[in-house]
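Labels for the chains are A, B and C, by order of writing; each one numbers its residues from 1.
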């Protein structure tokens, strides 16, 4: 395509002239119309949330309520940090999410490496267990996990028998340990590690390198992209995790994460006067992840390609 | 060579694990406070609602060095489950503000500490008898009465005048007719103004039904509390009145009390604490907008009252200090003045059974809004909610079935008989 | 065993420990709970199969929640896979693919609490944005979340909106793997876009599609956070799926024994459905997992 289409022609040219540069075939622009409509549907809820956070109380109480805020209440975003323990929630989210991501990367890489690069008794069985474990829905673990953490021996004032204290329940570990291993993560890392050539590892062995050195200096660096991808997966998933965190931190408010905090304090948003604040806090909970995702989305897309489909 | 290398790697791994364990240990070590005690109070009041109380707690800390008081707000809907899980976790709060409906269940399970005789005497001497009855079980008064609320019909005077209705409804037929004539729909069929509305939670769904049921001379439970009266004609009449509100478009499931201040709601049956919210939202328009009337249940109308009480957990490490704090919070601070809790409750628009607080609050409870609520309470028209095991579960069940009838999914008879079945099953099981 | 042979086990130690403490132990304990009347504040005792009997024979809501679960899962699958397929295909034929994919993926990076509350506002009967827009076109608007006939549909639509991105991305990845020459050949034969999609792309995508269907079905059958926040299962329990019912049983009514039994029944059903599905696929010559 040589010349740029003249915008004037397209908008105000006479019909006779346009014949020479006709509209592209419907298939060409129709798909952009389709994608744009879809994109609007994806984005409008976010816009609605931000608009909602900017409304004044009289606008909410008007009959009918005013949709477009005329006097945007940007200070609601300040109130999110002043009137709600938002900073603590964000701090907790960061601690828990980072820890889970780190631990899961380590456990997944180690297990994936062993399952991919070693022949040993029980390997196939273990691989099948890893795959099978993914079939167990999380709700099955909600109730018993609570008890296991509560009666964890020698923690939180507990004795050897798990009595006497609170176990791990009053502790960040309650939010971290149940997510220390991801079966999906192991499988994904295993699929990746399989493609590392054995010759590379054997050559290092011949050179006298120890197995752990081989793992850390050869296998891990080669798996950097896969690790980055898994890391983003885990981070986003964990940041948005609600059910388990809510079940545990209901009784330990100082451990609440952002979405859990906002949900459990819903009783404070009972009337029209506080709904703008609620929507502002929702916006605050959403934005950091969206920014992170948009910055790293390249890895994410690549990761789905690498780990999603196993033929 | 290889061996050695592997061994060092091994050692490094073991080192790593040991170090990780140490970190775990450090993380789990509870930061035992040096000296002094910490009392944790759990209530459902938001920061704004318990403003006056917070000031008092800080003052108490000043007066009693070595005592720190931590407040924990729990959503009312989550309160009982959080209480249970806290007790499971081994570190429950010391002090609770509990619904009197839960007394039976909590007492039965030994969750509450028996108050010392001095506290019981204090309650007997300083509180209206009917407020402490609902928290009495097994021969003990299990704490100090707190908030008391009564349901009444609140209506929008402006909307009534606009619809040409001179006075609020006094019986079921007028109730249904007025609601229908106030309602306005848009061209989509949505009610932009609803004649009547109630909220989404089980309590809010069930409350109007219970007030109508009580007005017809009925009651939810049989006297022995082993079965219900839901299959009676009075119960059916009460539910049918509500169903008619729906079929005549006097209300819809989306119409909720939150919309009252915007002028989109003609009537609602809500407790007195709505006063504060309405005042804040309506400002100077409060008096010309808000009217209070009896439950539209005829001459012998009745309503529902419910309450809260302060209690101490049976496993609290500092029961004496906890009761001392509670007594201080509920005692008039100056002769002829109000207690801290009284300040909070009356600021909220709630009522109390504390005689001193009532005596010192003539202005707060004598205004045209509060007067009818107080009268309903003192005349005995407000019947207390029965305390029964699994009270929440029973209310959820009743709410589920009444909602089915209101939305036209079941006939009122069917809904009530199924609810009766379900509730009897629960009651029988907890024998 | 020589040290060399021990190496893989050392690498697997953390995972095996986790498997014992956070997988085998919880499942065993949950299974034990199903045979007790464990509930709040009451000392518990063994009750044999009573919990199972209650759920399957007496519980007035259990089967309704099963039906809701089936409607939710099938409805979500029926909507989200075709939509994701069309979106993924269109994107693969457009420019700025990364841009489009990011936009469609945004809800996946959003927490479910925010999604549910935001849609609560959008779907409000008289004042929500959706009905305002419908009204502009003179269309009727129901009470999306308050009308029992529409509530489940609304939940499904929000769920599809929320999970579209991940399906779209998986299918996109599958499409990237399709050789452009397959399309060319079809185009030479005079096939139009629709035919290319249905006769070329979809058959080649079969492994990806089946993978997406299998995992989505498990997710849909066990998912409940959206309903928990958006509708709390209402109105009149029309959106209470079994997993949500189990959660409410456990953490609102505090009947942990009965709730564990409900969890196991649901799990066995999910397992059976998944096995059946995999079997059908395998018979169709596809090994999705």
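Heads up, the rule we're going with is that a residue touches a chain if its C-beta (ideal position, glycine included) is under 8 Å from a C-beta of that chain, and two chains touch if they have at least 3 such contacts.
Owing to the predicted nature of the structure, the values given are computational and were not obtained by experimental measurement.
Please give the groups of chains connected via touching, computed with chain C left out.
one piece
Out of A-C and A-B, which chain pair has the most contact pairs?
A-C is joined by more C-beta pairs in contact.
Would you kindly tell me how far, in whole Å, the mean C-alpha position of chain B lies from that of chain A?
37
Hey, how far is the Cα centre of chain A from the one of chain C, in Å?
From the centre of chain A to the centre of chain C is 16 Å.
Listing for chain A: what residues touch at least two other chains?
Residues 64-65, 211.
Which chain C residues touch at least two other chains?
Expected reply: 126, 251.
For chain B, write out the residues touching at least two other chains, lowest number first.
Answer for chain B, listing residues that touch two or more other chains: 6, 10, 13, 81, 85, 192, 264.
What part of chain B is in contact with chain C in the complex they form?
Chain B residues touching chain C: 3, 6, 10, 13, 80-81, 84-85, 87, 105-106, 108-111, 186-192, 200, 252-254, 264, 390, 392-393, 396, 400, 403-404, 407, 409, 418, 421-422, 425.
Taking the touch rule as given, give the residues of chain A at its contact with chain B in the complex, in rising order.
57, 60-65, 83, 146, 150, 155-157, 164-173, 205, 208-213, 250-253, 264-268, 270-273
Can you list the chain A residues touching chain C in their complex?
Where chain A meets chain C, its residues are 27, 31-32, 34-35, 38-39, 41-46, 48-49, 52, 64-65, 67, 106-107, 110-111, 113-115, 118, 120, 123, 126, 129, 131, 133, 135-145, 147-148, 177-178, 180-181, 186, 211, 215, 236, 239-240, 242-243, 247, 258-260, 262-263, 278-279, 282-283, 285-286, 289-290, 292-294, 297-298, 300-301, 304-305, 308-311.
Which bits of chain C are touching chain A when the two form their complex?
On the chain C side, the touching residues are 5, 7-9, 11-12, 14-15, 18-19, 21-23, 25-27, 29-30, 33, 87, 90-91, 93-94, 98, 100-115, 117-119, 121-122, 126-127, 129, 132, 161, 164, 169-170, 172-174, 176-177, 193, 207-208, 211, 218, 221-222, 224-225, 228-229, 243, 246-247, 250-251, 256, 259-260, 263-264, 266-267, 270-271, 274, 287, 289.
Mind pulling up the chain B residues that touch chain A in the complex?
1-2, 5-6, 8-10, 12-13, 24, 27-28, 30, 44, 46-48, 72-78, 81-82, 85-86, 88-91, 192-193, 258, 261-264, 277, 280-281
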